[in-house]
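Structure in structure tokens, see below.
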Amino acid sequence: MALRGLLRVGEVCIRVMDMKKARRHYDEIMGLHEVMEGPDGKVYYKCWDEHDHHSIILNPSDRPGMDYFAFKVSSDSVLTDLEPKIEKFGLKVKHIAAGVYPKSGRRLEFVLPTGHTMHLYAEKEQIGNTMPTLNPGVTPDDGVVRGCHINRVDHLLLGGQHIQESARLFMEVFDFDLSERFVEKESQMPLAMFLTCSTKPHDIAFVLQPEQNKYHHTSFWLESSHDVTKAADRLGKYRVPIDVGPNRHGITRGATIYFFDPSGNRCEVFAEGYVHYPDTPTLTWDTTDAGHATFSQDNIVRESFLQVLT
Amino acid sequence: MALRGLLRVGEVCIRVMDMKKARRHYDEIMGLHEVMEGPDGKVYYKCWDEHDHHSIILNPSDRPGMDYFAFKVSSDSVLTDLEPKIEKFGLKVKHIAAGVYPKSGRRLEFVLPTGHTMHLYAEKEQIGNTMPTLNPGVTPDDGVVRGCHINRVDHLLLGGQHIQESARLFMEVFDFDLSERFVEKESQMPLAMFLTCSTKPHDIAFVLQPEQNKYHHTSFWLESSHDVTKAADRLGKYRVPIDVGPNRHGITRGATIYFFDPSGNRCEVFAEGYVHYPDTPTLTWDTTDAGHATFSQDNIVRESFLQVLT
Amino acid sequence: MALRGLLRVGEVCIRVMDMKKARRHYDEIMGLHEVMEGPDGKVYYKCWDEHDHHSIILNPSDRPGMDYFAFKVSSDSVLTDLEPKIEKFGLKVKHIAAGVYPKSGRRLEFVLPTGHTMHLYAEKEQIGNTMPTLNPGVTPDDGVVRGCHINRVDHLLLGGQHIQESARLFMEVFDFDLSERFVEKESQMPLAMFLTCSTKPHDIAFVLQPEQNKYHHTSFWLESSHDVTKAADRLGKYRVPIDVGPNRHGITRGATIYFFDPSGNRCEVFAEGYVHYPDTPTLTWDTTDAGHATFSQDNIVRESFLQVLT
Amino acid sequence: MALRGLLRVGEVCIRVMDMKKARRHYDEIMGLHEVMEGPDGKVYYKCWDEHDHHSIILNPSDRPGMDYFAFKVSSDSVLTDLEPKIEKFGLKVKHIAAGVYPKSGRRLEFVLPTGHTMHLYAEKEQIGNTMPTLNPGVTPDDGVVRGCHINRVDHLLLGGQHIQESARLFMEVFDFDLSERFVEKESQMPLAMFLTCSTKPHDIAFVLQPEQNKYHHTSFWLESSHDVTKAADRLGKYRVPIDVGPNRHGITRGATIYFFDPSGNRCEVFAEGYVHYPDTPTLTWDTTDAGHATFSQDNIVRESFLQVLT
């Protein structure tokens, strides 16, 4: 059966402290496409191969972090079906009417056990990926794929205290699979949990943090590890602050670069990784192999991975 | 919601006329792993990153082609649920007890409108991908990834007369999405239909043929187009008959090589392609752009694409 | 000792029949940079990572082909030293004063045994690769690397009757090494000879032809086979006529695409290949392995390779 | 003119403290091929695509570092020609008879101004790259390209006090070109100098050090940055100590990984970089851009780069 229910991270609203610098980062350097500026100063972006109107929203603020994120679901009836289940799980669901969020149908809003505000919506205006649906070709016109050659938003990593509860919501209510987990060796306490609703190794993940509602990163999908190498050249050229240069995660096997936007929010470009199916065994990594689990090409544990969130 | 119902092509039973030559092709050259030989002479293979016991079965025969293919489903209850729906669609369902097919749970068997025998099963013995589930690492030991560096079976392309009916079965009963279709310009008659149950651009496809029950190819997934280039070097070294050398399909955007096994069955190695979601618009290609639709890097229509099947 | 004497193909003057179409081909699609238009209608191009003013000249004409090509030499004294040696070899040397060819120092002109007009020059105005020589960085600004991501002219393949004589000139007078040769099996007659003055597998090559002064192709160097794959996508998008799609030459091991400009002149993009040294044994291929020698990924002998020249 | 005079780093004799561990590192993990063990316990290796008998020698010792290195020259007469020039430069030249060094013709030995012992030789037994010289093909048999897919030794980086003098020897006597240099901003004092005798960006380099005769690394050439990514996966799998993970040098534009053998000697895998010609302007980097000059993808200055040598 094709993907039904929750489909993907469809929207991330990121707080930025200097919109001019943020625009340069997300648009000129990363290569996202600005599609709209709201009367409230929010700036809306899409990645080139996404069909929906936007996926990233920059919200002018005096501090970094994430305001909310949203998953798109496969139809309006999914919203109706999920609402009582979310309430039964113990979360209060708020209704947001169509149009309150630009280009979007009605939404459900609730707060995760880890403190993050999450939305679900079934409808968003589609503006396409610049290629027609009749004889589309394979390569967009010059200027569409640019910057770091980002095709789409891939996944989110969020930090908070009750990651097992947030993971349980995704598994029990949203029917995600747990693809991988990272645990403290002695106690077997989960330090990070990776969840998927697709054939990707993860669509969302949670990392244990002393504070609630922390934002680790949004990850952007590139077509190949070769594009990751080229993205590293570009980020280096523009002196973008790098958290971890080109490497490969043990968890997910994904090729990665972690870097920061001018407000200190972490971004990731990501490629490859295995194909996940529901019958793929859940993989467990423990703290004895923390270096390889996080950055398998040099096995160095970066303190920043667990400690720098916005 | 994670993938449920039909998950993937889990088994393809291919007829080969000379097992010694076939072994050399699938094992030594392509790099699949032989896991078992049956008392009936069937030889069983898996790709390295698949967890199930086998995915490809070679059946000694006096003619090429495909005996049957099977999709794995997410649980036994899916079989129970689907049986009446398949019957209602108009296909007769045969029960096959667990163990009749080695390492496999019970199966449903039926014949598609295009003449192909299809199985559904929920259980197969898992033997893993050689990497542990605790601190697995990212790279298997030497010798596991070999040959053409094939990670897993990706999809099937089958030929027959009633491709719209077979596609309807997958869409209406198995809840697949139609990702792309290739149509005759004047009549808008579908010549090929591409269906997905995942975030891949297709899991199965059908191509119009004058004869029923024809086999076009099984496709094997590689990690990147760079691996496709290396596979081309390898296939060339061993003088494997090439149908179409390295190219990129317009349909699916996948990097591809088509080549033949010693019995004349077509194989494909495949990489990249876009990420598909249920809300991605269905793409249509017509016969005015047939070259680009099939082989977008040189736009040459290969007669063999529509005419050479086994 | 660093490269001295003849350095590289520094200039190729190609006849084109429709400058508007030619400009679109070499500039917009391939991504060369137009640097000048002469009063005689010649249009001058450079590849981005070349430092000299231009390397490709398009000359409006009523037929395709090559007017002349030129090697740059390491210093003016090389011209003085070589002149009597070329004369002694039996070729008449003509002097061309500095400035006759734009941006160029004085030249020697002579006609090869295969009928091609060749120049040698030591000086050409340098305009750089857009990156400074102090703290240059590794990646040019946006828009510099574009089109097919061509870094520089790599080599030439020319056709004519007396290829052994032309090769002898390059070996005995210009001190090139014979890296590879392709011979007719029975007679051992050379059908093609590949010559290098660098660590590249070839800088110039000659292919036996019934007619003198034929032009097979100019080859343009890309950074990797991944860029060749991307170039193939681009050439396919713009429906550029493809002679041979992505493949790998046996001879030189180079990744390649052969395609035609709108006048029918063949172009190549090329990457990889081995590192050649003077003590690397000369490799010989014969007609029993003609397919692999030319296009090793599918071993198909293309008639056009030996028959389509301009 | 093809390369003449000094051709390439043909031999590096590296001291290792535990031959069993060293063998595992250079042979099993990196994938060099052991070709001989000497009666003195030295172990000889070649990279697969080198034709000479060996290029790397491991010498059992109680401390790490390099005993000597050797350049191969194009003919015996080069030795005769160079001897008086080296003496005139001020270095004492010692004669070593053919056969003293296994498989090698006669050698000249002298000590560089930076304290390193250097040899020149014109002859070494050739054993080939496993592929025939008649119809060689492009890909060796399985098992030849293995480990980190190292094709050949690329260059050396050596440390000492008088790097300008060592560079002058290479430029004035051996006729190398200075491709790049890294200087202290205020004083313009060279901290590192990069020299080439080929179309590669460097064949040898010197870095300023308080001590003489220090060994920074031997670099091994891979075919592409994709192979560098794969090498990083492999080095990570075997927990090889990584100095700097996948990155790109500003100087040379080469894709790189720095890692250590079990004795603490640094190794590098290297790919890409620009094509250098004698008329390419010398590039200068200064200490204001030290991060980008050394590791351009994250611009981080590694202390180890200037301080960890053996």
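In this document, chain identifiers A, B, C and D correspond to the written order of the chains, with residue numbering beginning at 1 in each.
What we mean here is this: a contact is a pair of C-beta atoms (placed from the backbone, for glycine too) under 8 Å apart; a residue touches a chain by one contact, two chains touch by 3 or more.
These numbers were taken from a predicted model, which means no experiment stands behind them.
**Q** Quick check: more C-beta contact pairs at A-C or at A-B?
**A** Taking the two pairs in turn, the one with more contacts turns out to be A-B.
**Q** Which chain has its C-alpha centroid farthest away from the centroid of subunit A?
**A** It is C.
**Q** Given that subunit C is a copy of subunit D, what angle of rotation, in degrees and a multiple of 5, matches their CA positions?
**A** The rotation relating subunit C to subunit D comes to 180 degrees.
**Q** Cα centroid separation between subunit A and subunit B, in whole Å?
**A** That gives a centre separation of 31 Å.
**Q** Measuring from the mean C-alpha position of subunit B to the mean C-alpha position of subunit C, what distance in angstrom results?
**A** About 43 Å separates the centre of subunit B from that of subunit C.
**Q** Could you give the separation in Å between the centres of subunit A and subunit C, each centre being the mean of its C-alpha atoms?
**A** Averaging C-alpha atoms per chain gives centres 47 Å apart.
**Q** I need the residues of subunit B touching at least two other chains; which ones are they?
**A** 137-138, 224-226, 233, 236-237, 248, 292, 296
**Q** Across the complex, what residues on subunit D touch subunit A?
**A** Checking each residue of subunit D against subunit A gives 225-226, 229, 232-233, 235-237, 239, 242, 245-248, 255, 292, 295-300.
**Q** State the interface residues of subunit D toward subunit B in the complex, per the touch definition above.
**A** Subunit D residues touching subunit B: 137-139, 142, 146, 224, 226, 233-234, 236-237.
**Q** State the interface residues of subunit D toward subunit C in the complex, per the touch definition above.
**A** 1-8, 49, 51-52, 72, 74, 126, 128, 133-138, 151-152, 174-177, 196-200, 221, 223-226, 248-250, 253, 272, 274-275, 277-286, 288-289, 292-293, 296
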